[in-house]
Amino acid sequence: MNYQAVLEQIHDELKPVIGQGRVASYIPELASVSPKHFGMAVVCIDGTVHTVGDARVNFSIQSISKLFTLVMALKTEGDALWDRLGREPSGNPFNSLVQLEHEHGKPRNPFINAGALVVTDILCTRYAVPETAAVEFLRKLAGHPDVQYDRRVAKSERDTAHRNAAMAYFMKSFGNLKNPVGQVLDAYCRHCAIEMNCVDLARSVLFLANHGVLPSTGERLLTASAAKRLNALMLTCGTYDAAGDFAFRVGLPAKSGVGGGILALVPGECGVCVWSPGLEPSGNSLAGSLALEAFTTITGRSIF
Amino acid sequence: MNYQAVLEQIHDELKPVIGQGRVASYIPELASVSPKHFGMAVVCIDGTVHTVGDARVNFSIQSISKLFTLVMALKTEGDALWDRLGREPSGNPFNSLVQLEHEHGKPRNPFINAGALVVTDILCTRYAVPETAAVEFLRKLAGHPDVQYDRRVAKSERDTAHRNAAMAYFMKSFGNLKNPVGQVLDAYCRHCAIEMNCVDLARSVLFLANHGVLPSTGERLLTASAAKRLNALMLTCGTYDAAGDFAFRVGLPAKSGVGGGILALVPGECGVCVWSPGLEPSGNSLAGSLALEAFTTITGRSIF
Amino acid sequence: MNYQAVLEQIHDELKPVIGQGRVASYIPELASVSPKHFGMAVVCIDGTVHTVGDARVNFSIQSISKLFTLVMALKTEGDALWDRLGREPSGNPFNSLVQLEHEHGKPRNPFINAGALVVTDILCTRYAVPETAAVEFLRKLAGHPDVQYDRRVAKSERDTAHRNAAMAYFMKSFGNLKNPVGQVLDAYCRHCAIEMNCVDLARSVLFLANHGVLPSTGERLLTASAAKRLNALMLTCGTYDAAGDFAFRVGLPAKSGVGGGILALVPGECGVCVWSPGLEPSGNSLAGSLALEAFTTITGRSIF
Amino acid sequence: MNYQAVLEQIHDELKPVIGQGRVASYIPELASVSPKHFGMAVVCIDGTVHTVGDARVNFSIQSISKLFTLVMALKTEGDALWDRLGREPSGNPFNSLVQLEHEHGKPRNPFINAGALVVTDILCTRYAVPETAAVEFLRKLAGHPDVQYDRRVAKSERDTAHRNAAMAYFMKSFGNLKNPVGQVLDAYCRHCAIEMNCVDLARSVLFLANHGVLPSTGERLLTASAAKRLNALMLTCGTYDAAGDFAFRVGLPAKSGVGGGILALVPGECGVCVWSPGLEPSGNSLAGSLALEAFTTITGRSIF
């Protein structure tokens, strides 16, 4: 497959929509990013890299971090993790408290905010400085020693994290958060504020396309079965309350963030990452969703 | 892949759990089926058939019919269908009215009861006798002229269909049901009462494993893209409110029914159907779910 | 208290708002009533009558009927009635199904539609023709042999009663409706279509202002305790999801209907009925609510 | 009315149930109170006092404080208060977040926790030390210079106030809380930890039975209309999600607390306070509710 040509075709086709959508405004530091950016990268298991547009410009990975913190928690907890977390699509916006009340403080899945807070709580128990552990894990996956989080974005997010604080205290009232709420929120906001680019992210997800093994080193991070299961979870829960529609239109496991990034993978073949900051109402990148839909249409790659 | 050996291994492994779970009791005629049944069939695109246990014993397909009526409606309506129906997992039991009220009478997806009633309403508009059209469609897919619905089961279900009637009237109050409620419920209950066996069902789903083309005749029923999209919908919504967990554990597009059947497929390769009437609390066959989990574990077949 | 002067003052003060609000449109036959009507009557326990405006023009009593059918059911069932019905404000619109699902088919109170359907179901069990029994009961209370229901309004309501049908079937699915749904809906729509005027209604509620005894005949209809309790129920649940605000502003037990009538009472003293068809968003008469608020402000009559 | 005899009769009748119910356990310091306590006081507008049992033993007033902080906020804000707060019964437990999400952070009424947090937020804006202002207001109402809050109870409540913190942060995310969450929670927990006895509380509510005027001094605290409206609010919202049933059975405006106190009043006549720590499931004192029901049955006093 000539992925370079595919990326260029997608970029061409999407030009009219790039810049549409709304940049996430609830985190003040993110609101100033231009909606005109568009970048996309394909990194194959054999290491070849294809890019178009701003594929090497860093952006705030935001909720894409939930995928990697989940992997970290799975590595330390194993399946015991699922005692505190569900694996079902939520069918509700990512920051709703309604379901959490009906289900007694157990979040539906690790990709909604409540679930990621539980995952972060686990990392707070396991690591002295969980955000450092997360950054180091991503440096290893990306093969890039400069991954870092943006302190101003983290602080901006922390200062306005009232709803996440509400969720965290709510789960604490049900006994499903062990560490002090302030500490969990600090770590959570720093995870979200990690900055990476499309190439780094596409490379970082390769182990999930490769049955759990990091292709660059041959190191096994997860069993083949665990890797498959994570892919399934990305497909059913990775794009907020649009997961059904995303699976329908794109058909690849993916995790999106309100920074405008969407990270996807083709099992056995490659990681794909797209970034464009304008969002559709459900919080996924507008141009990014269309780019991935075009990617599967043009390449015929889809898991179905 | 030696599917015959796989099926026998699964049958052996599952013997301790066959008969566990509860047979659906809300339809009186179904409550008398023995929970001891277990059958499983794999039918490959090339036509080869592998079976174990009661794979040729007929059972009530119940909600598995929702897959085939959806295909019929898609063939007549195309994407206009999605104006009246969503494509998102519901996160709620299959017969809940809460979500329907919050979302103004538009069902979340075609595989919950409310959604299937809308699909049936469409067939009531398009066909003089929709249950006959459905039976004929399944005869063609199964290559079996004897497919029929069980009138007693249909009547038993119709007599106790109070909650489905509530949903139908509720959607009618929002204008999302065009035909008289009684007529829609009659057709719906007859679709659910269709009787087939594992071999017939596994063969009937082959066109979805074969990019929309019926392998036996070469007839195209859906575009390749539409077939992929249906598979995605089965994965995210096909097993009630356990879809996330099912994708996580099994990783194949599937549609289950309270008669104890689960119909799945491996894209590009085969249809798989399992039947065992004992259900787990979410309404899926207990032994059937475990059998499909074992199937993907043993064969390594999964879409992820 | 010179109630005649009070009524005239209220009428004068309200002239600017009479005709505002929206006439109920979901029942086609009601949609044609002019919003310009305004009538009000006070009938004292001693039999004196004061009126202003259209106080002797008949209108569709609609949900005000729920008060009288509840009294009929209480007389036959006693407190056993409360096994099938709650006594709490619902906090939701009068025709919501959400609460009904969360509370397993037991309606919150007898003044929301679901609750009144249960009450009607009880009357269907007790009376051969419940609507005739209701009409006769109201003739006795009003001392007026001509009370009748409007067959066209009843039919118009029945033909569009999809949401009430949904609720009825839903409760039947929980076992909280004993008679056939169609029969209950027929009777319910006829109760709602009873036509009366302000004077008749104000007189009909006098027994609740008089400790359960009909003043005209001395007949005891309810114990003093039961009468007090019904007044409490009217105060907390009688005006849909605006009951708290209504108690706050008016401070009298009252029951409203979407025909634009509101029936209230001053314990120990009189019945008060106002009618004006323009409704506020919660379904209560706009001018009627303001008229009752003015009534308590001017007269100092309130239970608090 | 010989209230002394009434109180003694009630005490006698209730002996078998005193000690039943569960003492509130979610605040550790309250869990150690003996459920055997029972006290009741009637204080008339003319100043006469009648008591039985532990009527002069101090207890934690808990949510009864919500009534007095609301009066304080009404005195400073007037009706502008209602822009941030509803006046409707909630129909949900006192600490639910579901309704708050559906209604965009505006609490249903000032007597559920979310509403009282908004009231406390207002006091935090108006007073340097809101808990001191509340204590002083109650000293004036009770005519008792020793009213105080219990620092250990306040701290115990603050340390476990996770759900209240969740609600506060949630409202802050909607912009309906102006002061820092920690500061509002501190003040709120201190209000709840005020200790008083039945005589003091019954005297403190007299101004609401006396058209807004403090009988001991003749000082007007609220207009007659505002006093009536507060009484209406107590009736419809004062006893958590059992308000409808409480109005039905007791028929007096009342406010309860999980410390086991219930404060009620007979308009124009007296304040009534009962205390017994064993609670029924909705959070109201079990013996206290029965005592007030007996009070209205024996005396015939009820507002209906």
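For clarity, chains are labelled A, B, C and D in written order, and residue numbers in each chain start from 1.
The rule we apply is simple: a residue touches a chain if its C-beta (ideal position, glycine included) is under 8 Å from a C-beta of that chain, and two chains touch if they have at least 3 such contacts.
Note that the structure is predicted; figures quoted are calculated from it, not measured.
For subunit A, the chain with the farthest CA centroid is C.
Computed centre separation for the pair subunit A/subunit B is 32 angstrom, with centres defined by C-alpha atoms. Per-chain CA centroids place subunit B at a distance of 47 Å from subunit C.
We define each chain's centre as the mean of its Cα atoms; on that basis subunit A and subunit C are separated by 55 Å.
Among the residues of subunit D, none is found touching two or more other chains.
Interface note: chains touch in the pairs A-B, A-D, B-C, C-D. Those residues of subunit A lying in contact with subunit B across their complex are 86-92, 99, 108-109, 225, 227-229, 231-233, 235-237, 241-245, 247-249, 251, 253, 267, 297, 302-304. Subunit B meets subunit C in the complex at residues 96-98, 101-102, 162-163, 165-170, 172-173, 181.
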